[in-house]
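Letters are used for the chains, namely A, B and C, taken in the order the chains are written, and counting of residues starts over at 1 for each.
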Amino acid sequence: MTERELRKKIRQAVEAARKECPLVPSITNTVTINLVANAQLACGGSAAMVYLPDEGEAISSICQAFYINMGTLFPVYAETLPRTIRALADAGKPWVLDPVGIGLGSLRTELLRQMKAMPPAIVRGNASEIIALANLWGLDTGVAKDGVRGVDATDSVDSAVMAARALARFIHGAVAVSGAVDVVTDGDVVVRSYGGSPLFTKVTGSGCSLGGVCAVYAAVTDPFAAAITAVNMYNAAGKRAEKEARGPGSFEKIFLDTMYNLSADDVASNAMDACKA
Amino acid sequence: MTERELRKKIRQAVEAARKECPLVPSITNTVTINLVANAQLACGGSAAMVYLPDEGEAISSICQAFYINMGTLFPVYAETLPRTIRALADAGKPWVLDPVGIGLGSLRTELLRQMKAMPPAIVRGNASEIIALANLWGLDTGVAKDGVRGVDATDSVDSAVMAARALARFIHGAVAVSGAVDVVTDGDVVVRSYGGSPLFTKVTGSGCSLGGVCAVYAAVTDPFAAAITAVNMYNAAGKRAEKEARGPGSFEKIFLDTMYNLSADDVASNAMDACKA
Amino acid sequence: MTERELRKKIRQAVEAARKECPLVPSITNTVTINLVANAQLACGGSAAMVYLPDEGEAISSICQAFYINMGTLFPVYAETLPRTIRALADAGKPWVLDPVGIGLGSLRTELLRQMKAMPPAIVRGNASEIIALANLWGLDTGVAKDGVRGVDATDSVDSAVMAARALARFIHGAVAVSGAVDVVTDGDVVVRSYGGSPLFTKVTGSGCSLGGVCAVYAAVTDPFAAAITAVNMYNAAGKRAEKEARGPGSFEKIFLDTMYNLSADDVASNAMDACKA
């Protein structure tokens, strides 16, 4: 795929999400659930969040894609997540995994371990989370790490490229690693996307909502193009929002406004480069 | 009731909520719970949210009205909702039902079915939800429909008028149907309220928070006047907020500011018309 | 401690939180969980929220301080809170208690009663909550009160000073009472802090997020200085934010921006006075 083709795919994905308004439900954490929904709406998706097993199954059969975020697990997730993931697999629907908090608690570890057998189309995380997930699944990462400190990365994006490529190859999908410069890979090509803002680290749910937006685009294009589209949307909108923002409070709202208003060309022309690793 | 009397009731309700600061607890979904509370505060109410059965019972005895929203059910709701609704009935407190997600999952269907025996004073929903609830309760709606796609309406408000009137007559209360033009009915009179903004559809919880505000006004006036007051508040504030907003992020905040600042006359003079159906 | 020394401690705490970015997890209510996290980020902390027992234990061992807010209890809290509090005690980590809703429901009462044996370093609440907690623990408060109406105070801050002092002495820590004028005491010295804004009462989670910010500062200084720093931060930032705000929607965002931007000197020079009671 040439760069020109890639940028064309991004433009098409931005437009398709706005036109088709795909239903993209989530099982996601209570901290950032509102921002996830609002970010999905801002880029054209229809959001719906559930907790119960049969609701996860039922909505899997009518949705176009799904988002699973591992923050703030409840006891019922022990049943909801496996049943929902099986329903998604049976229905052939793509889903995005955000392995927030990997390494913390036995339920999270057990659920993430199980997902190896029925993997997502896209994994979105910070560098530490991507390395930890690849290690949990026994992939070759070059870095020893099996958990994270809280929800913030302690590793650089560059140190996670090997883990991201291994993960992407394993899931036959795409992996997006968030950081000062973002990396998206399908296991072969490694794309670096530029822009964004340090203020993203001061707004809770920047990463979670990026995962939710990856799922919106996964409803209208292939996993690799979906992840690249979402990451470029965040970098283009974040960079513009920062110019007007006076702090994290205004940044969050201006960012949503900007995401809603950006043209497909604005997103498709965001600074990025690609290489075969 | 003449139009003049109706507008007087709206003015009084807006003022009474601000003066009396009624306690209006909610059992509501985690996606939009923050906006529900902030919208209730902005129009003068005191908000409090609970999940546990005995908390629902205890707060029912000291509140002035209650809001129940069926989004994001937890397992404990199987016990919390029936016990809370019984406590509200025993105490003679009005409550507002928002049947979000009707048709999705067995618990939601079972709980909504049970409510027929101890119904709310007001039902607030989009057209698809209102039709589905009236059908679930075996009322005459003229439309075959027993569930919805996600949380967004796929039916027009006009197509739900017959269901709304049947529901309102059955509950001896009021039904508010949200859409581009909003309809409120007591089963006899059908009021259409104008204004608002398409940006409401890009802010998660616009509808949920309208339900919460209906409950605030239900604490200070009769159900029909309460629903009309809330709907006109949203339409008047939404129309003004849209003029300044640059997208859904800023719209939400300007809307809350506007709701807080609107005079009772601004709300009472919002464009609406009424007819006997 | 002289006033000069106190103001120096405040300055140091503001700077230390920004520099060290301490991990300060929470078990907190779903209504205001997003604002708690964003307020903690705005003043330099790293936020992480959990619900499950073993997650509370695990994160207690790697955090610098912890925040427990009693709003919106879930059934699993019956196990999560005791185990987390024991883990915090074993690890010698300071934690902040916000007894929201005290008096409502049997689980909340039972959990709060248990905490007497393993108390927090700081209690943050409104006047009614502080009086009710001190009474629940059998301390001498001068006021008969064992519960509150919803989540809003019905007592004046002054009427809670005796209860606050008794509580602070009992826990060998600090108590912050929120109101038009805020009081912070270590049981001996009583500090009054001025500023803030009436708009705080129109934004859900103003109090909850203050508790979360107390916990951030408890990670970098002693409990009394931590509570005073947080309260002065809120009063200084709230006062400035009010000048630009047009209502509660814009106030919340400007407040976060201001908290992020205030200098340590701005916080340390906020109006306050102290006396031995």
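Assume a residue touches a chain if its C-beta (ideal position, glycine included) is under 8 Å from a C-beta of that chain, and two chains touch if they have at least 3 such contacts.
Bear in mind the structure is a predicted one, so any value in this text is a computation, not a measurement.
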(request) Enter the angle, 0 to 180° in steps of 5, of the rotation superposing CA atoms of chain A on those of chain B. (result) 120
(message) Same or different interface residues for chain B and chain C, judged by whether over half of the residue numbers are used by both?
(response) different
(request) Could you grab the centroid distance between chain B and chain C? Build each centroid from C-alpha atoms only and quote it in angstrom. (result) 33
(request) Scan chain A for residues touching two or more other chains and write them down. (result) 30, 34, 74, 252-253
(message) So in the complex, the part of chain B that touches chain A is made up of which residues?
(response) 29-32, 34-35, 71-75, 101, 104-108, 149-152, 201-205, 245-250, 252-253
(request) Please give the residue numbers of chain B that touch chain C in the complex, ascending. (result) 21, 23, 25, 30, 33-34, 37-38, 41-42, 46-52, 54-55, 58-59, 62-63, 74, 76, 252-261
